[in-house]
Amino acid sequence: MVEPAHLAARRQHPDRRWWRPDWTARVALIPALIITIVCFYGFIVWTFIISLTRSRLLPVYNFTGFDQYARLFANERWWTSMQNLAIHGCLFIGGCVVIGYGLAILIDRGVRGEGLFRTMFMMPLSMSFIVTGVIWQWVMNPTLGLQEAVRDLGWVTFEFNWIVRQDRSIYTLAIAGIWQQVGLCMALFLAGLRNVDPNIWKASRVDGIPVWRVYLHIITPMMRTVFFTVFILMSAIVMKAFDLVVALTGGGPGFSSDLPARFVVDHILNRQELGMGAAGAFVLLCTVLAVISPYIYFELRKARGAH
Amino acid sequence: MTRFTKVAGLTALLLAGASASSLNAQTAEVLHWWTSGGEQAAIAEIRKGYEARGGEWIDTPIAGGSAARAAAVNRMLGGDPATVFQFAIGEQLRELADQGLLADVENVAAGQGWDDKLPPLIMQAAKHDGKYIAAPINIHGENWMFYNGAALEKAGVSVPKSWPEFIETAQKLQDAGIIPIGLGGQPWQERILFNSVMLGVAGRDFYARAYSTLDEDLLMSDTMLKVFETFAALKPFVDEGSPGRRWNEATAMMIDGRAAFHFMGDWAKGEIIAAGIEPGSSVGCVFAPAEDLAYIMTVDVFAFSNIDTDAARAAQEKMAGVMFDPDVQIAFNQKKGSIPARMDIPNDSFDDCAQYAIKTIQDPNTHLVSTGLFGVPSSVSGAIDDTISNFWNSADMTPEQGRDSFRQAIANAK
Amino acid sequence: MRLNRVALYGLLIVAAFMLMAPVLIMISTSLKPMSEIRGGSIFALPTDPTFAAWGKAWFGDCTQAVGDVCQGLSSSFMTSVRIVIPALILSVGLGSVTGYALAAWRVPGANLLFAALLVGMFIPPQVTLYPLIILVRELGLFGSISGLVLVHVIWGVAFTTMMFRNFFKTVPQDLLKAARIDGAGFWPLFWYVMLPLSLPILGVAMILQFTYIWNDFLLGLTFGGRSGQPMTVALNNLVGSQFGEKEYNVDMAATMLTALPTLAVYLLSGRLFVRGIAAGAVKG
Amino acid sequence: MNGVELRGVTKAYSGLAVMKDINLEIEDGAFLVLLGPSGCGKSTLLNMIAGLEPVTGGEIHIAGRDMTKLEPDERDIAMVFQSYALYPTMSVRKNIGFGLKMRGMARPDIERRVSEIGELLQITPLLDRKPSQLSGGQQQRVAIGRALVRDPVVFLFDEPLSNLDAKLRADMRVELKRLHERLGRTIVYVTHDQIEAMTLATRVVVLEQGRIQQNDTPENVYRRPANRFVASFVGAPTMNFLDGKLVRDGDAVLFDTGAGCLPVAGLPDHAAHLLDRPVTLGARPEHLVFDDAGCAAKVLLAEPTGPDQYVRVAVAGAEVTARTGPEQVFRSGASVSILADGARISVFDPDSGQAIL
């Protein structure tokens, strides 16, 4: 070599341990750390503290123990909303997974105009939950929307009035929610399908396995992580579901389609029941933790396994 | 409106926004939820009055009462309050005052003699520690029953005087292919219907006692069961599209004759007038069937943020004065469909419905509270709305169960 | 085999139609005059298309309005833009740096922090509105666009961090080692090596964050104060502000106008989006 | 004085020791190969020298300076990775120049040095391509170029050839050897491929379970493995191991497995003390000779490889592999006669596995 570069290099880098890059990494994490501690956990603790008080419109700190929880658990609407969370969660996540996966498989079969289909499937994703709610409220309104249109066509006994039926309204939430999010699930599944080793298809053709069996028994088990990702993303949406209920059913008829997030917001902002709302929020957050702890465990284990 | 005036308007707005922070004694930002047509016309009267006295008005409309109230509170908490904001009177407002977030307008009130001119129920509610913290502009009645005369004629029925009669009438209307009740399916609208039924079935005294004491024995009485039975009997007379419908859509149904009756507060008159119809003519207004003469009142008020600048205080006092001004109250209430909060205003300039209401409230015994934004704590009022709406929309709840869940929800929320 | 293909395309077309139908109904309704809406089915196409409703939604209807309500959506459009751009850059920027620091550097407790941060993805923002208001107030940012941007960053950082951290975890360790031996410290490694690598995931994060921020209603209403009201709040005022018969065509036009920017983003970047998801989110 | 010295280096992950008291002196200009099966800790050791993994205990000296606590870029080393680890978003030119740019070298100087390296490695036409547009061999050259351009005192190679096909690997071996001779720099090279170790190294360190098993020249590692592990790891086909006793049978020495005997011809005299005690006999295939003086064995399978032929035979109750020339034809089941070359065999203690001859 022409010149001893290492000498030059050494000259430019005296001992700079105080500015080691892994210290920079620590510094770079400070904003996230602050947000996590203050805004996530600090606020959760605050919520818990408020739930132990008699706070009504504004936070006050006269503690009453677990009274608010007792009131909450005696509240029929709260139980309805928790039950709805379970129903909606299952239907919405299940629907997104099944339909999203189905669409991804259809597209994966090698179709022309793939990009066009993909774009059309993902279009609802750009709509806000409020807009989604408005559109579907209209389509599902029995006197304005689908039911009336079909009846006008001559099928007078046609019924699609779920949105006004107390025993069915919760399903309309799932319909609108799936409509909006299925595109994202489809994209995730499609990406997963594209990662599948093409040799698997060759092998299965040599073995003469029907296509549906390959998907069911071979491909689907390989897509575990994708299913997991979809599940987590969709759970986050379910837990936060608020706008959609407000715009679509307003929680009604009655409170038959209420969800915990809306219950909490309603009590905090409209009802002068900050304490009880906070209690509801805390219960909701505990539910969230219960649902996502396997995920967090998985993430941590995966990270540890990386060593 | 031409493009030019639009641009000019926008510029003016920007300038107004800029001057809001300056020390203009006349500038008031007014936050309210009156965004529908009749409401806008009404608040424009206050604005006119305020601007006529040299004030500058910055308008912050937020659609939806709860969103607007939440925004008002949140902005106060955030230290960026609106000068004047629409609110509900009652416990919520008192709590804001307790937290020192409100300014009082006692000076103006004393000068204008508010104490003598307001109905006692409202006077008490608008005060905190003996000082006025809210300026009441109007009284809305919630036990109105509007009807489409043509629709009744078509079915050959007349306006019923009692609830059993109403049910018979409704059946006939339904047979004639007319929707008997145009109902907006939101909890508060269902509650308005319920309270009208309660007043009619249980009577004025029962209503007053039940809601002022929230007494368990009253709520579990046979009278209450009858209320729920009657209420349940109305279910078949509402069309399928009701749940989720907004009130003004329901009003429109009655105006154009698709529905015969419409139970709503007198603000519905604003929509009737805007549709070009004089209330009391082809669209009639009577009190919902009841033996006792009574007026279920709710009231629109504006409150004043605690902004510690002379400019803001001056603007607030000017605003309070304007809001209580007899001319402004007349003009405002004509547009809004309500009656003035001041009881000393002659009724001759109002429509028939309003004149009747003004006459009615001269007797303090007729004064009843709405349970919505006025009368009971908002936790209780929310619980009431919840259970009534749940009962109304439930296909299989018996009146006994309805009464029981009503009592339980109130007990739980108290 | 041929029959299978027909069925395949049949299914795809049906699915596409069902997913598109509500949007098409909106567009078609927004082009109808009220007389047509009143009489006809929502599925009927407009016989006499008109853009009047769009104009009314955008500029406002000043023939009836009194006061400032007649502005329509046009005035709040720029507010939304002024909120979205900094909030987008900051939330994605912070998420990418955080995700990078967590994934590529040995920081004690990094996994714990990541797990703790993930919880933030699941907290409904409405629930912690009051403490957030107090926080923003204490920072002196309440009622300003900066305050709103901060709030969006707080609620967006968990999601963007997850996206980037999971992507950067898939970057081969050797590449990081090579860069460190080459003398790249924290920032040069990020800027010259990792960020260019993460372009696909950057695209996805940007698109999703753009959608979330643009579509937000609650935070805008609460933290925007008087001057920072985004387009969604204006939409709510517009849709909630009609009397008598609802002007569905104006509602729908206003809704479409509000959704247009996000819609455009998806239409223009659909391919990028799918590629980005393939690059990162799945391997997570 | 541009060598590397490890003094008592240890490494533990959450209390679990993976490197145990490594002492190693690498002379200036040496080509040291760290050889071992996967998981033996050889890459960890290399990473510790590079500064990519902190050591748990001990010191690392490079070019006479204690570098234990320094960052990788402060150690004046360069490293080539198995995966090449080229920056996918940069052109070849930028890949090679990146390290110089990070050190703040002026742009024209970088340009000049990059083109020198390009010529040296004959990759000048590739300089403006992206790594994804290169073949595996070309990527390998770029990776080497990236290391060379900085002209460090020590080069570290982490299994650099294992992703290449056989032919390319052989070519690159030759090139690496030339490069080493030409530059005369110290190289630490990790591999699990004994051919690479044999052909490239001036010194081989065999690692197993975080311990150095043998540190010697390639020849000695092959001929005189320090223990049974080294013996079995180095050499293909692997060494034959037989348990039993060396016994004297008249003039001859036999290895008695209990199920039969294998004559051992020419056992050196100093091995006399190994007689009549349990030992493990280690004989590489070429140490087994087909000779009429041997004992009877049965052919199980013959594997001609071209130049050589490996014959699997059953003898003394065991199966062993012997190497012979391609000329003779062995049929399965045929009877042959075989003996071990006592001058070359190894003998291990059956308990400790240490070589005792």
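Here are some notes:
Order as written gives the chain letters A, B, C and D; numbering starts at 1 within each chain.
Rule of thumb we're sticking to: a residue touches a chain if its C-beta (ideal position, glycine included) is under 8 Å from a C-beta of that chain, and two chains touch if they have at least 3 such contacts.
Given the structure is predicted, the values throughout are model-derived calculations rather than measurements.
Taking the mean of each chain's C-alpha atoms, the chain whose centre lies closest to the overall C-alpha mean is A.
Of all chains, the one whose CA centroid is most distant from that of chain C is D.
Taking C-D and A-B together, the pair of chains sharing more C-beta contacts is A-B. With centres taken as mean Cα positions, chain D sits 53 Å from chain A. Centre to centre, using the average C-alpha position, chain C and chain D are separated by 56 Å. Centre-to-centre spacing of chain A and chain B amounts to 38 Å, using the average Cα coordinate of each chain.
Distance between chain A and chain C, defined via averaged C-alpha coordinates, is recorded as 15 Å.
Along chain C, residues 129-130, 180, 183, 236, 239 each make contact with two or more other chains. Contact with two or more other chains is made by residues 9, 13, 21, 58, 144, 269 of chain A. Shared interface positions of chain D, defined as residues touching 2 or more other chains, are 71, 73, 103, 150. Against chain D, in their complex, chain C makes its touches with residues 172, 174-175, 177-184, 188, 192-193, 196-197. Interface residues of chain B facing chain C in the complex, by the touch rule stated above, are 1, 6, 10, 13, 17, 29, 35-41, 43-44, 47, 57-64, 67, 70-71, 74-75, 77-80, 82, 246, 248-249, 251-252, 255, 270-271, 274-275. Of all residues in chain A, only 9, 13, 21-22, 24-26, 28-29, 31-33, 35-36, 38-44, 46-47, 50, 58-59, 103, 106-107, 109, 111, 115, 117-131, 134-136, 138-139, 144-145, 148-149, 152, 179, 182-183, 187-188, 190-192, 194-195, 225-226, 229, 235-236, 239-240, 242-243, 261, 264-265, 268-269, 274, 281, 284-285, 288-289, 291-292, 295-296, 299-300, 303-304, 306 touch chain C in the complex they form. Chain A meets chain B in the complex at residues 56-58, 71, 74-77, 137, 141-144, 161, 163-167, 169, 249-250, 252-256, 266-267, 269-273, 276. Within the complex, the chain D residues that touch chain C are 47, 50-52, 71-73, 77-79, 81-90, 98-99, 102-103, 146, 150, 158.
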